[in-house]
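Have a look at the structure below before the remarks.
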Amino acid sequence: MTPKKVPTLLDQLAALKTGLYQKDFLLTWKQSDADLRAVLLIAETLEELWRANIDARAFRGGLAVSNFRDKSTRTRFSFASAASLLGLSLLDFDESKSQVAHGETVRETANMISFLTEVIGIRDDLFIHEGHEYMAATAEAVDTGFKEGVLPQRPAVINLQCDQDHPTQSLTDLLHLQKTFGSLDALRGKKIAMTWAYSPSYGKPLSVAQGIVNLMTRFGMHVVLAHPEGYDLIPELVQQPQRFAKESGGSFALVHSMEEAFKGADVVYPKSWAPYQIMERRTALLRAKEAKKLEELEKECLANNAKYKSWECTDQLMGLTKGGKALYMHPLPADITDVNCKAGEVAGNVFERYRVPTYHEAEHKLYVIAAMILLTRFEHPAKVLKQIVDRAEPRRGV
Amino acid sequence: MTPKKVPTLLDQLAALKTGLYQKDFLLTWKQSDADLRAVLLIAETLEELWRANIDARAFRGGLAVSNFRDKSTRTRFSFASAASLLGLSLLDFDESKSQVAHGETVRETANMISFLTEVIGIRDDLFIHEGHEYMAATAEAVDTGFKEGVLPQRPAVINLQCDQDHPTQSLTDLLHLQKTFGSLDALRGKKIAMTWAYSPSYGKPLSVAQGIVNLMTRFGMHVVLAHPEGYDLIPELVQQPQRFAKESGGSFALVHSMEEAFKGADVVYPKSWAPYQIMERRTALLRAKEAKKLEELEKECLANNAKYKSWECTDQLMGLTKGGKALYMHPLPADITDVNCKAGEVAGNVFERYRVPTYHEAEHKLYVIAAMILLTRFEHPAKVLKQIVDRAEPRRGV
Amino acid sequence: MTPKKVPTLLDQLAALKTGLYQKDFLLTWKQSDADLRAVLLIAETLEELWRANIDARAFRGGLAVSNFRDKSTRTRFSFASAASLLGLSLLDFDESKSQVAHGETVRETANMISFLTEVIGIRDDLFIHEGHEYMAATAEAVDTGFKEGVLPQRPAVINLQCDQDHPTQSLTDLLHLQKTFGSLDALRGKKIAMTWAYSPSYGKPLSVAQGIVNLMTRFGMHVVLAHPEGYDLIPELVQQPQRFAKESGGSFALVHSMEEAFKGADVVYPKSWAPYQIMERRTALLRAKEAKKLEELEKECLANNAKYKSWECTDQLMGLTKGGKALYMHPLPADITDVNCKAGEVAGNVFERYRVPTYHEAEHKLYVIAAMILLTRFEHPAKVLKQIVDRAEPRRGV
């Protein structure tokens, strides 16, 4: 009944000293290695339990609140799925229907939505320099609310994508790499190319690229970041990986050629983003509600993007990778040439070859989120999971 | 404690060979008689259990996803109710809030929303020739996803109304007929008039009428379809019932007079729809976003409708039916003369006489949907229901 | 394990003769003192159970339907939280997505959303003279539907704010007063100032003020209502409190000076509202969709409001209260000077001093709503709660 792997996973988990209890998960670089490993171990455990038809609910009621300030399919469903998996009731906080329009403060709103709340998942990636700030302010507000005795429990704030990081994505990706290469240790010395790619749209967030280079450098990988001149990420977030790489025995380099990045790579991650400087201008215009200037900015950017149509992940480029067989990764949806656009991030045949792996990659996200909830909300998640395994109630069937 | 009828219903169910496990429910005419009978038996069982205060939850978490591409009250609530009844978490897939806007493919979206999903309910009736196609594409995508190992389970796609059929409605209606006349066998030889009726609105889907004539002809009923010249249904869908009638010992006729249809009828089903040809023009204009031409088309249609104001279910017409006492049916909401419009499908006093029966008719839908979920998601639903009966947990109370 | 207070609370509850079973909760003045006391006792019990980590679910499935015809954060979350606490599935009835747009009657809609529904929570405060009417019509419809056998159970309608009353708020406030002063009896002879306050917005409902003066006069309090000339409440609703005060040994007075109201007060409740006559004009214009006249009305009102900027709850005014230490109350969000507006209902330093108490005040609402559900849906709620206590399942953890 119990999946074979699970006892080992739980033993490993019990051995880790994590610091997430009563905390938030906002940026991977603020978390210890033990925290990150614990997320992966619990995510894998929960995935095994689901596939073995074991009910993993650890709550009997209570809320999981989502606040999406930007569109989302997979993260929205991942968060809702994690809530259902753990027995929490989902409630989407739609600001347009709320008193936030009446000028409520972040602190007050955060408390008002949290009386029975175990977790608040936030996506806020439209405004550079603001998304993380908003999440941190929410986290501080519920932390204070809990300490003041206003909140009976301390909800965890989970970053579902901000201007800086996208930790549920990058840890999903790390789990995918671990499963593909066999272990975290097997990633040491592997080369991953995190590269910009051409897209016919603009304004895509920088957080995925930033998240990847700041996470994978911690696991001994050789991380190469590649983008055309001018498509910079947030400056601080390309400093930090240098240090991480040094500490982990990996390396970090920035190049301006997709070919160079792909050469000999074990893993490629071609994905579009908007230049950091453009995001700053865009944020200012969005704030000022300058519709016309936003249109002009979009035109300017699309024209600029068009100069880099050759930044497409084609068979030819894939041929430069290790044995021509690097693992292709993408958070989805990708801009696929001749599938959902005329020219995009990846050629149709390349994508099709890696379609099923990218779907598996995406699947992990809901378990990563559920893992973050268990780690932040239970002092001894390994014990809770052990009890779930011992209870062994079927998830479907009576 | 166990409702009297239930053991008999479950015995009958256990004796049926159904083919719905790991499949979808899209069109009644693709399903065997056994499948349809199984839906009715389970629906009745669940209704008995609910009224006897027995908890019928067969899932401990997992998602029921709804995707409404058109307005709905009762189907929306029926689907949500079925999910709650069975222990699934409801998640409404709102395309406007999703990455579908970013050009995601149907295949990808279908997989991305399904990692923990048991059922996807879709309403897509605005675009003729497209609604069913979309559902079939979604079904194929999740089927492939399951076979490829991407999805841990194979969600069933349930048609909550498409351009061709409205199976949750027509089976709801069949259950209503069965309850009213005592049994399915009692329907043999009964006359049902499925007739167009005047409405001050336009663009109503054809699927209810198409669903009724394609379902009731399979149960030995004399089905008369009536509409003004030019208010045609999809041509193939008025061919098929001829064959069904021949096989079942019933009959099928098309007339252009409400009087003729009502004469001697045991059951009347007067309901407006837009002519098939108009729906094709409308679909083209909607696709092309031709707002002005859509307005002109609406005007043209309303003017045409107005010629047939006499197609109203009045007391006088009801007098032509068997003993003046035919059963009046409607999926609701009806356009009721002097109640919610000046002139509509049915006279106020006729509707009021049948108001309570139409409400009962509507009630069945949630149990029909729940029955489809159990049949598609469990290999032995009779066993699951037996266990639910034996468990005998109160639905309300501790 | 069982919180100390709970047995006493349940004994008190068992001793009360309440009349809410199979009824609605629309207006406090239609309910007996026993009903109100029962709400407080159950709310307190549920709050104790939650904080003691005891699962309080009394339902295994079934729906809690919310219908918000106006914006809301805290009441929306309170209702959703109450549903989760008791084991009901939340379903938000969004009229824009429903057939209501197709001209469905209130009676029909009420039945169509209620086949598995235990409670319908409605907010309808935009249109004066209409909100309560709509709730009463819904209640009558489901009552008839239940008696006709259409509905298997009789959903309770709960007023989440109408044009007349805001009972979940006023009972929340009463619970807050009870907790602050030690008991309901301790409120006898205490002075509460329910006063208008300046706000830079307009069109705020009158129901909070009306609810407070009609509830607190029943508990022997000295209630002073204060507002500028012309800022009248609904006339009948300032007659009734006179009678309540006489019966309870309290008093009720209307003054036109904030200073006078605050003098020697034990409790102050400064909150803006729009004059009754303005709400009538506004309702007419909203109905007629007179956008331009609505703008003019808004301008006129804001200009009028501006004459009363001195109606702000400042430190100086607080100094007039009993020992300078009256309890400050507000349903939140408040218009706080220099926090979310330039000039508002309350000075920043006053609000900050009472911030935590107002958050506690807000917390009670979800338990008040849950209490109303248990009282309307169970004949013997004290027994149900006793069984929950005996079951003693942990809410979090396995």
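Residue numbering begins at 1 within each chain, and the chains themselves are lettered A, B and C in the order written.
Keep this in mind: contacts are C-beta pairs under 8 Å (C-beta built on N, C-alpha and C of every residue); 3 or more make two chains touch, one makes a residue touch a chain.
These figures come from a predicted structure and were not determined experimentally.
Novice: Is it true that over half of the residue numbers where chain A touches chain B are used by both copies, so same, or is it different?
Specialist: Under half shared, hence different.
Novice: For the sequence-identical pair chain B and chain C, determine the rotation angle of the Cα superposition and round it to the nearest 5 degrees.
Specialist: 120
Novice: Suppose each chain is reduced to the average of its Cα coordinates; what separation in Å results between chain A and chain B?
Specialist: Roughly 40 Å, centre to centre.
Novice: Among the residues of chain B, pick out those that touch two or more other chains and give their numbers.
Specialist: As it turns out, chain B has no residue touching two or more other chains.
Novice: With touch defined as at the start, can you tell me which chain C residues reach chain A in the complex?
Specialist: By the definition above, chain C touches chain A via 50-51, 55-57, 68, 71-74, 76-78, 80-81, 83-85, 87, 90, 201, 332-333, 335, 339-341, 356, 359-360, 362-363, 366, 393-398.
Novice: Which residues, counting only chain C, touch chain B once they are in their complex?
Specialist: For this pair, the touching residues of chain C are 58-63, 89, 91, 97-105, 108-109, 111-113, 115-116, 118, 145, 148-150, 152-153, 377-378, 384, 387-388, 391.
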